[in-house]
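Next come two complexes, and both contain chain A; in the first it sits with chain B, in the second with chain C.
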Partner chain A sequence: MKLEVGYIDIRDICFADSSRLEDGVLYLDKNALSEIVLEDKNISKVEFEIAKPGDSIRITPVKDVIEPRVKVEGPGGIFPGVISKVTTVGSGKTHVLRGSAIVTTGKIVGFQEGIIDMSGPGADYTPFSKTLNLVVNMTPVEGLAQHEHEHANRMAGLRIAAYVGELGKNAVPDETRVYETPSIKEGLEKYPDLPRVAYIEMLQSQGLMHDTYVYGVDAKRTLSTIITPTELMDGAIISGNCVSACDKNTTYHHLNNPVVHDLLEKHGKELNFVGIIITNENVYLADKERSSDWTAKLAEFLSLDGAIISQEGFGNPDTDLIMNCKKVEAKGIPTCIITDEYAGRDGSSQSLADADASATAVVTGGNANELITLPKLDKVIGDLSVVDRIAGGFNGNMAEDGSITVELQAITGATNEMGFNKLSAR
Partner chain B sequence: MAKLRIVHYINQFFAQIGGEEMADYKPELREGCIGPGLAFNQAFGEDAEIVATVICGDSYFNENLDEAKATVLEMIKSQNPDLFIAGPAFNAGRYGVACGTITAAVKSELGIPCLTAMYEENPGADMFKNQVYIVPTKNSAVGMRDAVKKMVPLALKLAHGEEIGASCVEHYMPNGIRKNFFEKKRGSARAVDMLLAKMAGKPFTTEFPMPDFDRVTPNPAVKDMAHATIALVTSGGIVPKGNPDHIESSSASKYGEYDLEGVMDLTADTYETAHGGYDPVYANQDADRVLPVDVMRDLEREGVIGKLHRYFYTTVGNGTAVKNAKRYASEFAQELLKANVNAVILTST
Partner chain C sequence: MEIIVTNNPRVRDAYSANHEIHFISGDFSCVLIAARDLIHKGFRLLTHPLSGSVKPNETPFKSILLCSGSGIDLPSLSMIENALDACRKFPIKYPEMPDAMRDDFSLIDYTLFSSAI
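Let's look at the complex of A and B:
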């Protein structure tokens, strides 16, 4: 599978009478955007804001972050099975509006939504303080059930991202990169001496709003399977979950999966990147056993020499992580796992809910329990009053001077378990 | 700003008094710096200065632990230091243990900022690295310069009460306290590097060493329950009313063995829980909810089980160290074996 990705660097975003992309500047028509959001009758009101790096802006509670992309050539469309038809994607040509993002916020859905600070100490911990953000602030109709509310927010964000992405269809990319992964046979012939490496991507599927969708299928109803790196770049996997903000894989993370990109970087040179095994994180033991068995079986079937395993969430999924690691290692295939830690605010507690001696290579995204004080910022987009209720917040965490104290857990993407960040712990 | 006052601890060898033949040298306090102290003084420059050095023979210290510790502590205290440094001990085992012991005592008893340094395989390292900051060194005095270079910035931070960052940033041995910091590469790139090394059989360092999870494989099922003796064991803290052995509500330092002869039912008047980690109301109303004596008596009567073992064993699981829990169980498991108990029902909360 071969995909040409044209990156269009977005230099600025502003509101205008008509939506267009000119010389790297995104002009957005609020009326057109509103119509797209309000076509869902479950959303009663929507406001749009722009948040740029360095702005004194706090966005909370953040639900998802999405990068605008558009399919320019080849089969299918962006977010297949959800926004576009279910056609297999990952080949042809795709344009990316690099440096921009859609951020959804509004009334809290659950407790596991996050904070994005565009400046100050909190900005160091979220990748989305460095993107030009179009913030979609939605109010649901009265009495909407939580799961319907989540669904409405999720779909509105994706529709807006697809709309904005479409503006880049005819733009000339600033950089073009070709990503290609060979078939099993081609790979063997082309790189007979390179170690065969796969990426095992665990998808959050604990349910009750902790979900991920693959081509529109709820991941908890899936068996472990194989997907190609370029399919992810076209939005084959989207986030639909309310896991703690710090280690939630947003749709932006799925589109820009760092493990995929770093493996592609060494593909054909130091390793042969065979593909991606996706596997879920269900709560029932039988599901965990089945999914991890299938993961190990696929790893063996692909004749792997090594695998990187990434996680999403913590606690219960720690058991899936360890099962996957243990069973793949038992097949004689070395692994490196990426996780984060809940070592308590003082860092002295047991970091993971499960462990195994075979997990000899671990990369950590840091201790999510570590506290941070976020000074008052000039503007809040969303609803600040819930920061004592989101995961990582606590009663009495809002000081009189307007500062808030939270665990890193509350910051969107802070301890990402795909290894998106530089944060770590020892 | 005035120079910080440092007291330095070294052994007889580094004080140039002598080797093994002088290892029983008694504690001595000298003004100023001696031996390795010179390197520290140079590195500290205007910031700090060794005002006194305490010397003690390694054998003397380890063979007269309490007395030597008290004497040395008194000597250190008399100098009213801002900072205390012991060693580096490199790979000298008794010296390392002495450095660890004294540094830990200075920290807990005098509350003075302190650190030591030694080779990672020095027995003193494992004994004390979770109690005090220990800078890892080479295994011989060849590593002196490097040790001083790492110890001085950490010492100054400690003396100034600054926050100490992650072990790999501040150069101390990992001490069980996880600290965040920013790496140079993102996590995914580190994972790719680590996997490449692991596949190639090259050395790599995990960012999180797996803790030892003690997993127990269940025994085969008891086939003949009708003749089996079953015992009850709990970490839910059920004790006779009044908690006669004073089992702690958290971090229990003991377990209890209590007689169930003639006890058919646990009531609010006869039993209670000592556990401080859960709402005790329901356990105190009816302790059978945690230790199901009533149901076991029913099963006994119905012939489902042979009999309920006469004694039950109990402790409080709340915050209790795994090491202690293991010790309790290995003790009372012997009693259970002696009494020919066939199976145990272990209840937790």
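Let's look at the complex of A and C:
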């Protein structure tokens, strides 16, 4: 499968009378945006704000972050099975409005997730302090049940992202890259001496606020399967997960998965990137056994020489991670796992809730329990009253000077388990 | 025989008609300890004791499904002990929790648990 991706660098973003993209500047018509959100009768009110890198702005509670993209040529449309028809995507041409993002916010439950600081020390921990953000702050109709509220919020964000992406359809890209993955047979013939490596991507799938969708299907109802790297770039996987801000994969992460991009970079040079196995993280232990059995079976079927496994979330996904790791290793295929740690505030506790002797190679996204003090910022978009209820916040964590002390787990993307973060111990 | 160990009234009320319920009047760790005791008596876990990315002791509610077996199931024992270890890392976050928030946590525990039933 071959996909040409045209990256249009967004230099600025502002509100205007009509929506358009000119010379790298996104002009957005608030009325048009409002209509798109309010077509869902479950949303009573919407406000739009712009947050740029360096602004004294805190966005919270963040639900999802989405990069605007548009399909220019080839079958299907962006976010297949959700926004576009369910046609298989990943070939043809796609435009990306690079450097911009849609950030959705809105209080779905009393405890909630996710801080993005656009400046200050917190900004270093989230990749979304570096993007030009259109923030969509939604209020539901009174009495709306939580699961309907989550659905309304998720879908509105995707509709807005698709609308903004469409503005880039006729733009001339600043950079074009071609991503191509061969079939099994082509790969074997082309790179007979290179090690065959696959990426095993684990998807959060436990229930309300803990879901991921693949071509519109709730991942908890799926068996482990194979997907191509370019399908991800067209939005085949979207996030419905709004718990555990630091290590949840937003839709933006799925579109820009760094493991996929790094493996594509090395494809045909150091290794043969065979493809991606996606597998879920369910609550029921028999589901975990079945999914990890299928993951190992597919790894063997693909005659892999190695696999990289990334996790999403904390706690019981540690068990899925270890099951995947040890079962793939038992097939004689070496693995490297990517996770993060809950090692206590002093870092001295056991990092994961599960372990196995065969898990000998691990990359960590950092310790989510570590404390950070975030100074008061001039403006809050969303609802600061939830901050002491965010995972990683705690009662009385707001000081008189307006600063807040939270664990890193409160910050969106801080310890991402795809490795999508800027900080490193190197 | 299957048994639900829970401290969540919503789970108890939804499943008491057709499931054995071991209702715990205690916090998150009390549910884990009760499940561990059942494992010592030969039960094995059917659901993961750390279901949900909401942290132990952030949410006060926990529901676990077990079934009877013969002898001690070592994977279950290892999982419940690891869950207890993880639980000790997180202090109780909201000693005085507003009712609306308590209800949200109850709902999340209920929906995650229901996805396994």
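The criterion applied here is as follows: the second predicted complex is superposed on the first by the 416 of 426 C-alpha atoms of A that agree within 3 Å, B and C clash if a C-alpha of one lies under 4 Å from a C-alpha of the other, contacts with A are read in each partner's own complex, and residues count from 1 in each chain.
By our rule, a residue touches a chain if its C-beta (ideal position, glycine included) is under 8 Å from a C-beta of that chain, and two chains touch if they have at least 3 such contacts.
Computed from a prediction, not measured in an experiment: that's the story for all the values here.
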item	value
Of chain C and chain B, partner touching more chain A residues	B
Contacts of A:N31 with chain B and chain C, given as first, second, both or neither	neither
Touched partner set for A:T373, first chain B, second chain C, both or neither	neither
Chain B versus chain C as contact partner of A:T225, first or second or both or neither	neither
Touched partner set for A:S244, first chain B, second chain C, both or neither	second
First, second, both or neither for A:S44, with chain B first and chain C second	neither
Chain B versus chain C as contact partner of A:P195, first or second or both or neither	first
Contacts of A:N170 with chain B and chain C, given as first, second, both or neither	neither
First, second, both or neither for A:Q350, with chain B first and chain C second	both
Chain B and chain C footprints on chain A, overlapping residues	350, 354
List of chain C residues in touch with chain A within their complex	45-56, 58-59, 79, 82-83, 85-86, 89, 93-96, 98, 100-101, 103-105, 107-108, 111-116
Residue ranges of chain A in contact with chain B within the complex	124, 195, 197, 258-259, 261-263, 265-266, 270-271, 305-308, 310, 334-336, 338-339, 341, 343, 346-348, 350-352, 354-357, 359-367, 370, 408, 416-426
Partner chain C, residues of chain A touching it in the complex	109-111, 146-147, 204, 206-210, 220, 241, 243-244, 247-248, 282-288, 313-319, 342, 344, 349-350, 353-354, 369, 389, 391, 394-395
Parts of chain B lying in touch with chain A, wherever the complex brings them together	166-169, 174, 176-192, 194-196, 198-199, 204, 206-213
